[in-house]
Structures are given as structure tokens and as C-alpha cells.
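Naming follows writing order (A, B, C, D, E and F), and every chain is counted from residue 1.
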């Protein structure tokens, strides 16, 4: 957990810009599809960030978890609701996800609305 | 896709009974926790089956997908909503999940309310 | 290995048609991107099927392996070259990939140009 | 669970012979290393099959689980001990491993010494 | 490998306390089950830490590996025995686990009884 | 991305030496097999580093990606070709691989011939 949230966000924005600007049309289109996947009209809109959160926690990707936690905070999810989503990931993914749950809790300390 | 839904459900019920009856307390408790994870009060109740569906599709587990599809059907989710959840799994998990998406579509043919 | 190659290909074509025809724009676009990923001008064109083959073997997806083996056969790859690609998957992915390597060898018995 | 244990073992023996006989030295050497990994002098010899069993269950490989269950039976492990190992896999790997645990229990019905 | 063992252990203890104290009963129960899974009466008690070590190495989780290495050291396992367990993980999980094996060797330099 | 390329390479060389010198014959042999897997006569030699790059990106191993990027640079691959290989990994592995693609782009800034 060496990186502060601010550093992570700067690195993320910087590299996303480089990737989207590198001229590879396939990558550009995939980034667009990835963005759209979380914004369906039919799908229960309110749930999408929490869904994403559980999905990426199960896949054990800290950067993705941080991204979704930040978005959950922005959309007004409550700490208890996020913890319920992390619990789904913990049970589905098993104890191998515990280090990621720990880092998710540590990251929530930096996010308004998700602090203990 | 050799097994029909009915066969899968019989095998699943039969073996779950054997596992829960084998006398191993740890396994019994984990099955209970797994059951409870999808029924939190705080968590957006309506979304839980769809969440589960996306999570297990990403993890590429056909039996789990079948189980969640059956539950989605029972709870009145619409075909379009389930397809949106499968799309999240497809984008997050990549083309490696395509065979599972195919089998999910094939399974929906057997589930009332999710048929094409 | 219950399914014959012919059955697999029929199931695959049938369900792909259903998925592409279900009206979900996101899925349709992803299938297009997936198709294009293996056809870059810059990338060493001749290698793409073998690359795909190694990648999906490591990810332990039998249907994907079958698909790429069929394509390797169509493009004139030799049995020895395909086995070299499977060996990369075996070493990178470890003994957990052995059952998939076995099924790949069994599948090659049905593919012209890749038979023993 | 369409395949009986006998069918699986015949397929496995048949294909292993084809792989080892295909003339690829790298694959042949890896198969030898894999075999030796479970027979170290320093490592607690008695535990190796159970270790293997837990490892492959976590990695969700049914064929590997079957192989290790057969070996556990041959070496005189008791049903309760094997269930304890499967429980480690269940807790470490989470509910995503439940279908594999079910199939492991079904397989044990065919293995002398591990039947219910 | 930026973090020293001492820093990791402080972070781990700190966050575990926050998780167990956050009031989520499901998480609390899962942590208890995880703890008990490694202490079965029937299972070969002496082997459990080494089993855990191989399992988590295959799953490529550095924090989990560190935790199990520390426990192996406390229980008197010898360096050679731990290396045998890491070798199982290497063969089962393939060369993709090599960076984790490297970090395991680096971590052993900090653990009494497991130093070179 | 705390570590500079130079630090990573020093750590890697240092620990590889310790592993190869620890006296475990199985590990030594596996390292040799891993090395040989990328040098087959039959396999399209020119493609092997790019293949390895796509494989390990899909498996989400940053250290492995760095290693293969360095080798791609040494062998004269062009930035566009490497980006095509990363795109295969992105499409096959899904958006969960995006953080690794970001770090791959960041690493290319340090590698002669792969800089933007």
C-alpha cells in the first residue's frame, strides 16, 4: 500500500492518456466498450459500481478495486453496502482474497463517505 | 452442454445432501455463509442474483452460472437484464469467457422467463 | 471429450448466431474486436493462431483450444509447430494444464494436417 | 460427471502415451519433473497426495482431482482426511470451488476406501 | 519487495483488527472458518502450514506466502522442506509462479530458521 | 510502479542466483525447461518473445511482462508490434488486464526502441 490514492490516480490518468493516444484503434474501442458496460439502461443502474467492485475483488486486482471504491464514494454508496459487496467477493473467492479485502479497507480510509 | 437442466439440478441436490451430511462442521458452516452472503439487509437486495451471475461468469464456472440463471428466472429478472450482466462479465473477463456466455445463452432456453 | 468436433462446431455456430442476434450492441462490438485482434497488420500475421493457441491453453479453455486448433489446421501449421506452442503453454501454465494438453492432442486426431 | 472413472483412466493413459511418444523432448522432461515433484525425500512424504489434492481443487481441475483421489485411495488415506483436505481448498478457494467439491464427493463413491 | 516483514505484519494486524471490528458478522465468521481449516484433528497436523504454503504460491498471492513462511518458521520447518513445497507450486503452477518463488526466497532471508 | 527497471533487474538476477544455487535439482531443471521453451527450432523463432508477452499479460504478471518487454526491445521488435501483442492480451483477458497494460506502457518508457 505504498501509493497514496492521489498518486495512483495521477499515474492512472497519465497512462490512460498515453494508451488512448498511441493510435491503436482496437485498444481505443475496447476502452469505450468497458466504459459502456457499466452504464446499461436495462441493467439496475444503481447497482453497477457495487457489482464491479465485487467482480474485480474476486479477480484480485487492487487497482481495479481502488477505482471502483472511488466511484462508489462519488455515487453515495454507504460503507456498509460496500462491505457487503466485499463480503460477496470474500465468500465467492475464498481466503485468497483476504489481502485484497485488507487493502480495500485501507483504501476506504482515504475516500470520503467510506471512512470508518 | 450434454446435461439437461433437470439432470444438473438432481446431481446438485444429491451431492449437496451428501456433503452437508458427511459430518464436517467446517464445510457445513461455509455453505451457510455462502447462502447468507447473497441475502444482506444493507446490500441492494434486488441486485444480488445478477451480481452473483456476473461474478461467476467472470470466474468461468458453468455450474455456478446455471444456478444463478435459475434463481434470476425465479426472481423475475428479464432476459435483457441478465444479458446486460453477462456483458459485464464478457468485458471484464475478456474473450476467454465467450464459451461460458454461449453456454449461458443455451441454458436460458430451458428457463421460464429467460427464453429468447 | 464426449463431443465430436462436428457437434462442437454446430453448437458454437448456433449460439454465436443467437448472441449476435439478441440485440445487445456491446456484445456485438466485443465480438468484432475479438475477431480483429488476431488480424493486425503490424503484428507478425503468420504467428497469430499459434499465439492464440498458447494463450488459451494457459487459460485452460478447451473450447477455445479447439477453435484455434481448427484454425491452425486451416492455415497450414504443422503438427510439430502446434506441439511447440502447446509446450509453451505447459511450461508457463504448469502441470495444471496437462489435462488440456491431453484433450488438445485428442482433438488433433480429428483435424486434417494435425493428425499423428 | 458423464465419464466413469474407468473411462477417464483409459483416456488419460492413452493420451499420456501419445504425448510422451510424440518426440517432444521438452514435454517429456516436464512430465518427469511433475512426477518427481511429489516424491521429495525432504518433504513430508506421507502428505504429498493430500497436498496435491488441495492444490488442484483450488485450481478447479476435475481431472487432476480425480487423479489425486485415486492415488489417495491407493495410499490408504481415510475419507475423513481427504474431506479435510477438500475443506482447505473450499475455504482458500471460496464458493467458486463448490461444484468441484461436489464432483470430488461423487468420484469418491467409485474409489475403494473413500466411499461413504 | 519494498516492504520489510515487520511493516507487512503491522499493516496486516492493523487491518485485520479493523475488518473484525467493522461489525460484519459474515466476514467475522469466514475469518474464523479460515483459521480452523488449518487445524483439523483428522488431517495430518504437521503438514498444514506447508500445504497452505504450496496452495497460496500456486495462487500467486505474495502476502499469503509471507504469512505461511512466517508460520513455517515458527513451527520448526526446515529450509529444505519449505523449498520442496515451493517446488510443488512451481511445477503445478508453471513458470508464471517464478516471480513469487523469487519473492519467497527473498522473504526467507528475514525469517529465523529459513535463512540460507 | 515504484521500482525502476534497473532495480528490478538487479533483484531478479540476485534471487535467480540464490534459487539456482540452493541445491534443489527439480527447480534447476524447471528453470532450464522454461528457458528452452522459447527457443524451439520448429516454432516460428521470431515470434517467441511477443508470444510470451501476450501470454504473461493475460496471466497478469507484471514482473514477467517486464522481462519479456526487455527481451522484445533487445530483439528489435517495434513499439507498434508490442502494442498489438498487448492488445491480444487485453481482448482475450478483458478489462481486468488494463492495469497491467498501463504498467507495460509505463515500462516501455524505460526500454530503448519501445519508447513513445
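Everything that follows uses one rule, which is that a residue touches a chain if its C-beta (ideal position, glycine included) is under 8 Å from a C-beta of that chain, and two chains touch if they have at least 3 such contacts.
Everything numeric in this text was worked out from a predicted model, so none of it was measured.
Chains making contact with subunit C as well as with subunit F: A, B, D, E. At the subunit D-subunit F interface, residue numbers used by both copies make up over half of all numbers present, so the two copies contact each other through mostly the same positions.
In this entry, subunit A maps onto subunit C through a rotation of 180 degrees when their C-alpha atoms are superposed, rounded to the nearest 5.
For chain pairs B-C and B-E, the one joined by more C-beta pairs in contact is B-C.
Look at where the CA atoms of subunit C average out and do the same for subunit E: the two points lie 36 Å apart.
The centroid of the Cα atoms in subunit A and the matching centroid in subunit E are 26 Å apart. Annotation for subunit E: residues touching 2 or more other chains are 2, 26, 30, 33-34, 37, 40, 56, 58-59, 80, 83-84, 87, 90-93, 95-96. Judged by the touch criterion defined above, the protein chains are all mutually in contact, each touching every other. Within the complex formed with subunit D, the subunit F residues making contact are 26, 29-30, 33, 36-37, 40. In the complex of the two chains, the subunit D residues touching subunit B come out as 1-2, 60, 80, 83-84, 86-87, 90-91, 95-96, 98-99, 101-103, 105-106, 116.
By the touch rule above, subunit D contacts subunit E in their complex via residues 33-34, 37-38, 40, 42-44, 46-48, 50-52, 54-56, 58-59, 78, 80-81, 83-85, 87-93.
Note for the complex: subunit D touches subunit A at residues 58, 90-97.
Those residues of subunit B whose C-beta lies close enough to touch subunit D in the complex are 2-3, 11-12, 15-16, 18-19, 22, 24, 26-27, 30-31, 34, 37, 56, 59, 61, 63-64.
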